[in-house]
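Got a structure for you, written out below as structure tokens; questions coming shortly.
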Amino acid sequence: MQISSLLAIAPFLPASASPGSALGELVGIVEYAIAVAVIIIVFDYVFGWLERKVVAKIQKRHGPTYAGKYGILQNMADILKLLSKQHMAPANSDKPLFLATLPIMLAVTLFLVLLIPFSPTLSGSSSGFVLLVVLVLVSFMPLMIFVNGFASGNKFSAISAERSVVMLLSYEIPLVLVVATAAALAGGYSLNGIVGAQSQLWYVLLMPIGFVIFFIAMLAELERPPFDMREADSELIAGWLTDVSPPYYVLALFLDYSRMLLGSMLIAILFFGGWEGPVLPPIVWLLIKVFAIAFFIMIVRATMVRMRIDRLLRFGWLILLPLAFVNLIVTYVLLIG
Amino acid sequence: MKTERNELLNGLEGLYSKGYTYLVKIYAVDYVKTLEAVYVVRNMEEAKEERLEVELDPSDAWVPSAMRVYKAADWYEREMQEMFAITIKGRQAERLLLEKWNGSGAPLRKNFAWSEPYEKMK
Amino acid sequence: MSTRINIGPVHPSTHGVLRLVADIEGDTVLRVEPHIGFLHRGVEKLVENRMYMQSPAYMEKLDYAAPMSYDELYVAVVEKAMGVEVKERAQWVRVVLLELQRIASHLLWLGTAANDLGQFFTLFMWCMKDRDMILRLLESASGARMFYVNMRMGGLVQDLPPGFGGGARDVLDYLERRVKKYEAYLEKNPVFMERTKGVGVLGKEDAINLGVTGPVLRASGVGYDTRKDNAYYVYGKLSFRPQTRSEGDVFARYRVRMMEIAESIRLVRDALDRMPDGDAIGMPVRLITTGAKNREASASRETPRGEGIMYMVADPQRPYRLAIRSPTFVNLAALTHIAKDCRLADVFAILGSLDIVMGDADK
């Protein structure tokens, strides 16, 4: 029996794996997964530190300074502290569901990062429909938050769960429309193809409205201010994470930054030419762009006031959706049709 | 102005119609032989204040609720009820406002029993 | 069908130990009821057992965001009871210190209110840093950073140090620029405007009937300010103007406080310019203990949170009864009426706009 037929990710076999034996394929998958895992962990860690430093600078503080050079070990200390605390689930929670959702979300996010290519050679999937898979799984996240919020049996989490669905309703359709426009421009849902099509001109210049919509929707997707109504610390304490125990909170942090990586990569690939760039190797270019976008998201986080959930719904349907249609039509008329 | 507690609401309403629409404070003083409830109202336009003082018998201390005239009386009355055991008639009974204890007595009355450690301190 | 949720007493945006019980239906809040008293220390009873001069330190802990104003309020009511005149220079110095304290308190409010609106601590940190400059000034004037106990009957414990005026002017110049920046930063932000405009509207009639006070009252279009209408010290000479807005919403309360900061900066500069020389030291302690002349006294002051009033029935040595009318207490009582049928997120915007300090409400 072929191993590839047993694996659910069969269509997304790494392009770099040797196509010969089944064992070779498996080894290729594992090698690639380890490489990407290292990238993710390093990024998450550096990003967590960078966010603290950048936000501190904006707020005229120093941020972490004590643990390690420039406080680089502070997050490690925090993680160790959180991991050393007691793990528990609230008594009136739906325990299996409550405990399962966070790991599932993390797994899905990591799987998504695996699918997205870091460079033409370092690519988790050669399929032509990666972007569709990514979109479907990205919109899976708010639903998992919904499940987690209700399973935790906390009223604040329940409100957060409701908000999660309202948010999904408000930004998902404009997001899909913009992605569809980008795919139409590139002539396919393959991320490699989209990057290749931007070798002359970045899509951010071809469809600036589309970029703005996508960026706003991504902020909402990533629970970044001003769209952090799910976590809304001044209203809902911590939203769906209110009753999460400290060791699980490490997972939540990991998830948060992994989603950040995912979102930044999507923005970089869809609008900023992905890994295209002179002199430096492709993966470096991609990471530079990812960090630049993440940096911008941090600045937005430090400066914006939280939006109200009903206003977001109105904003999504009355402003983002029409603009997304305008973007679609203008792009079709001017560039495709 | 001194007034009777039966005349209190009429007095307040009269003041209200004269432009004293702002209730500044309701407080009580324990003179041991009598209790005195004081209502301070203000005319915002002319910046003038009036005081209505009601003398009460400590063993039968009640006043009618002024919430009919001033909504602001709500918490002041509850505070007074709690601190001086002056019953407020004509409004629903509410939970304690300021205190989270199970003791008895009116803390701001002069005969309030101090707790043990303080007695020892003296 | 409504859900009842319990917010606090341990919650990020209840400013200490306030507990709110809210009935919500979906995202709409049907009724909010504040439960207070978690910080009740029985100050009114405490001072009955202490000599006059022992109590200012207790009073300062009532409003820990603006301790100087309560310090001064208590000293003022004792002065009334003892029939003591405040020395000429001390009056000017008190005005300077109180207005500086008001700026500090409003800056703190701005930061925490932005936090309640979901700002990630940025404005809070900026405001804390700016407030710290004023705290340093007050420290140089009194010797303490937070709880000053700088007022004494008839004057002050110590006069302003040499060079205070120059330092204060520098700080005020800096603050004026900063506050303008904050205003631009917030008012150019459409999300901030959306979150504050038309939210938590309190009409003029309701505001008076509910007895709200201070910036909340003035934001509802009532131009009552104790500094003007019941002028104390030298506010009459400083041509003080009460700052009012007519909308009565969260934005109006924000604007009123920002305008008050500007007005306070103007007042302090003016007072520093016109301050006469002379003696500002208050009575020696042994004279304070010799007795009060008037049986009843009351003093009313515009603290940063609103009008604070103390009614005192005086014994010769100590207060027989001290009734404190604390501004947060009345403003918080109005929360139920203001936050009716609003969104859940608005409750915190409104709560933030009331500028509550739980020590003040709980006494």
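Labels for the chains are A, B and C, by order of writing; each one numbers its residues from 1.
Keep in mind that, in the parts below, contacts are C-beta pairs under 8 Å (C-beta built on N, C-alpha and C of every residue); 3 or more make two chains touch, one makes a residue touch a chain.
Since we're looking at a predicted model, the values are computed, not measured.
The chains in contact with chain A as well as with chain C do not exist; no chain meets both.
The central chain of the assembly on a C-alpha centroid basis is C. Mean C-alpha positions place chain A and chain C at a centre distance of 45 Å. For the pair chain A and chain B, the distance between C-alpha centroids works out to 60 Å. If each chain is reduced to the centroid of its CA atoms, chain B and chain C end up 25 Å from each other. Across the assembly, chain A contributes no residue in contact with two or more other chains.
The touching residues of chain C, when paired with chain B in their complex, are 35-38, 40, 42, 44-45, 206, 208-211, 222, 224, 229-230, 309, 311, 313, 320-321, 323, 325, 329-330, 333-334, 337, 362-363. Chain B contributes residues 21-25, 27-30, 38, 40, 44, 47, 70-72, 74-75, 83, 95-100, 107-108, 112 to its touches with chain C in the complex. By the touch criterion stated above, chain A contacts chain C in their complex at residues 55, 58-61, 155-156, 159, 162-163, 225-226, 228-229, 232-235, 237, 301-311. Residue ranges on chain C touching chain A, taken from their complex, read 3, 5, 11-13, 24, 26-27, 114-122, 124-126, 129, 185-186, 189, 191-192, 194-195, 343-346, 348.
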